[in-house]
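What follows is a group of structures, each given as structure tokens.
Shared chain: chain A. Partners: chain B in the first complex, chain C in the second.
Moving on, here comes the complex of A and B:
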């Protein structure tokens, strides 16, 4: 994931000083400590709220917010839908491993019905979110899904997401063999990666029609709608005009 | 001169002062009785090129102002009890990461939803200990609109000086009451600019390496220096560390930078304290009723004075001890169950002489309420 992100940024030709990475808390959120950008490691679930403050105060910066599934959609769910609704120019990356890894394997809002976790020892009765549907319904203007197996597609999608002027969501199905894999007998890391290859397909593919169980990959939404910081600059112009 | 006089709510006085202090960015969420602050800033901030955003809750508001402060802006949020409760974790983050910001809490009755449109001073101890872990905090209070103005500017100045969140506490009475406000001229009240690093681009900048005087120059986040900011214990580079020495020194630094500067931070007002046998101690709106009592009784020859606290935290214990040394009675007047009363008892030599005159029913404490307590203490009956 980090590799694809760095490839995407390199391809975009962005300088390190133009990039701000804001993360919350969780395995995925430690990623901000591994990169040489402006990095803000915040509190659990609130990365998008911090990022909103950074972006609105400095709209020229590129904001990338890597999150885990629990960070983004349980504790951070409210901030997620509202950042999407505002269509503020932030790239949100949801690394979906369907589990709380840092705390040792509890179910998340993306684990899904019937899975096992340390807090669902009998079986999980929580239904899961569909990140793509949720993002589109919340107003995100760029929504995509890929997996850690499809590294080329991942780099390409992240590049497009960063380029997109508006709120972008990239869901990346990611393996956690240690907790999700072990609990759910999904095999080791290689097995799980292999499953992303066999259980996913491109959007609208023939394979999907034949097997509706397959998870689609690709860009689901990409639309031009007013971006929040741009709109606020218009408010400033309007207010200043009224003032003079 | 005339144009410099306004007749405004306390909440508006706070807005005027924030703009005077150079506020660039406000994030907030509607809540009674602080909402007017957000409303006025939504209108006023973009007129001066500043930014206003209504966030999805108070947690997000607090996080957004921290992000905006880090990029080099003067920032503020405003709320009341329930919203202030929600802000506590992010407030601790601002303390840990040493990011200047101002939080206004226009207090209402609590706990829980409590009394949204009535007054209370019940958040005093929450300000001190609301966020988890050891820490120090600066909290100010004001009893009239002129002081709301002065203390708001002071809050911004202290936030920059000590790289810390500063909480400004007033209450529903002050927030909603209309009163005269003299607008200071530009330059009349000194403003503290952010201390920025002199380290040039391309040279290593250590965001958490204090200078000899203990202050840490900042570099606008997203600018020429790249660094890490984290709520974990961190080294001078801003990277996480659990090294015992690093942890110990950082926590000491966070507490000492405030507690070792109590004298520089503390502001208070005193009225007729000399030769006072009875001293009232109060703050915020209840100081108004206290002053009324003091002036009334002084005119009848009673030896009574008032110490009005404008800095609540760090608690100015030594000032209280010194001022109350010769008093027969010390009466703390507040609208809670004795939150500052406890601290005053801890500060004076003879705590058995410290009494409480309070109201906790959502009604403003009157001079008569205070007089009744005094009569009880003096054995005169009510």
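Moving on, here comes the complex of A and C:
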């Protein structure tokens, strides 16, 4: 993920000073410590709230918020849907490994029915979210999904998500061989990447019609709707009318 | 623009954790893990500079350096 993100940023020609990476808590959130941008390593689930503050005060900066599935959709679930609803210009990247890896393999809202986790030794009975459908329903104006196997597509989608003016969600199916893989007999990192190759397909492909079980990859939504910081500025101007 | 030719694979042994993703997905079986579970290019003459190993490495531990050959082969 980091690899594709860096290639996307390099292709965009952004300087390090134009990027702010805000993360919360989790294996994935450690990513902000590996890069030389402006970074904020914040509290669990609240990365988008901090990022909203940064973006409103410095709207010229590019905000990138990498999150795990639990960080984004359980602890930070409300921040996620409301940031999407407001359509604030932030790029939210959800690294979906379907488990809480850092804390020892507890099931997450993306684990899915019938999976195994340290806190679901007799299988998980919770249904999972569909990140793409949830994001679209919440109002995100750019929504895409890819996997860690499809690295060229990932770099391309992240580049487009950063360029998009509005709230962008990129779901990236990511391997956690240590917990999800081991608990669910999904094999090692290589086997998990192979599964992304065989279990996914492009949006609307012939393969999807033949096998509805396949997970679709690509850009699901991309629309131009009023962006939050722009609208906020208009309100400030309106309120300040007649005052200097 | 001709076919790119391999110059070298730069491998950061400290960052390589031996996950084997690059080894498995190399279309020309150029890479292998050594006895310390670190990647090395054991058949570098077969490398086609697709750089998929470099793009898929979760730890940015491998870089493929290529030189562009011109159409005239110079």
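Just so it is clear, the second predicted complex is superposed on the first by the 241 of 244 C-alpha atoms of A that agree within 3 Å, B and C clash if a C-alpha of one lies under 4 Å from a C-alpha of the other, contacts with A are read in each partner's own complex, and residues count from 1 in each chain.
What we mean here is this: a contact is a pair of C-beta atoms (placed from the backbone, for glycine too) under 8 Å apart; a residue touches a chain by one contact, two chains touch by 3 or more.
Just so we're clear, the structure is a prediction, and the values are computed from it rather than from any experiment.
K.L.:
Which of the two partners, first being chain B and second being chain C, lies in contact with A:17: first, second, both, or neither?
P.N.:
first
K.L.:
I'd like to know which partner A:221 touches here: chain B for first, chain C for second, both or neither.
P.N.:
neither
K.L.:
Between chain B and chain C, which one contacts more residues of chain A in the superposed model?
P.N.:
If we count touched residues of chain A for both partners, the winner is B.
K.L.:
Give one of first, second, both or neither to describe whether A:2 is in contact with chain B, with chain C, with both, or with none.
P.N.:
second
K.L.:
Of the partners chain B and chain C, which touch A:151 in the superposed model: first, second, both, neither?
P.N.:
second
K.L.:
Looking at the overlay, what does A:54 touch: chain B (first), chain C (second), both, or neither?
P.N.:
So A:54 only meets chain B here.
K.L.:
Which chain A residues qualify as touching chain C in the complex?
P.N.:
1-4, 6-7, 148-149, 151-152, 155, 177, 188-190, 193-194
K.L.:
With touch defined as at the start, can you tell me which chain C residues reach chain A in the complex?
P.N.:
19-21, 24-25, 52, 54-58, 60
K.L.:
Within the complex, which stretch of chain A touches chain B?
P.N.:
So the residues of chain A touching chain B come out as 16-17, 20, 22, 32-33, 36-43, 46, 49-58, 61, 78-79, 82, 232, 235-236, 238-240, 242-243.
K.L.:
Would you pull the chain B residues touching chain A in the complex into a rising list?
P.N.:
24-25, 27, 43, 46-47, 49, 51, 53, 55-57, 59-61, 63-73, 75, 89-90, 93, 221-224, 226-232, 239-240
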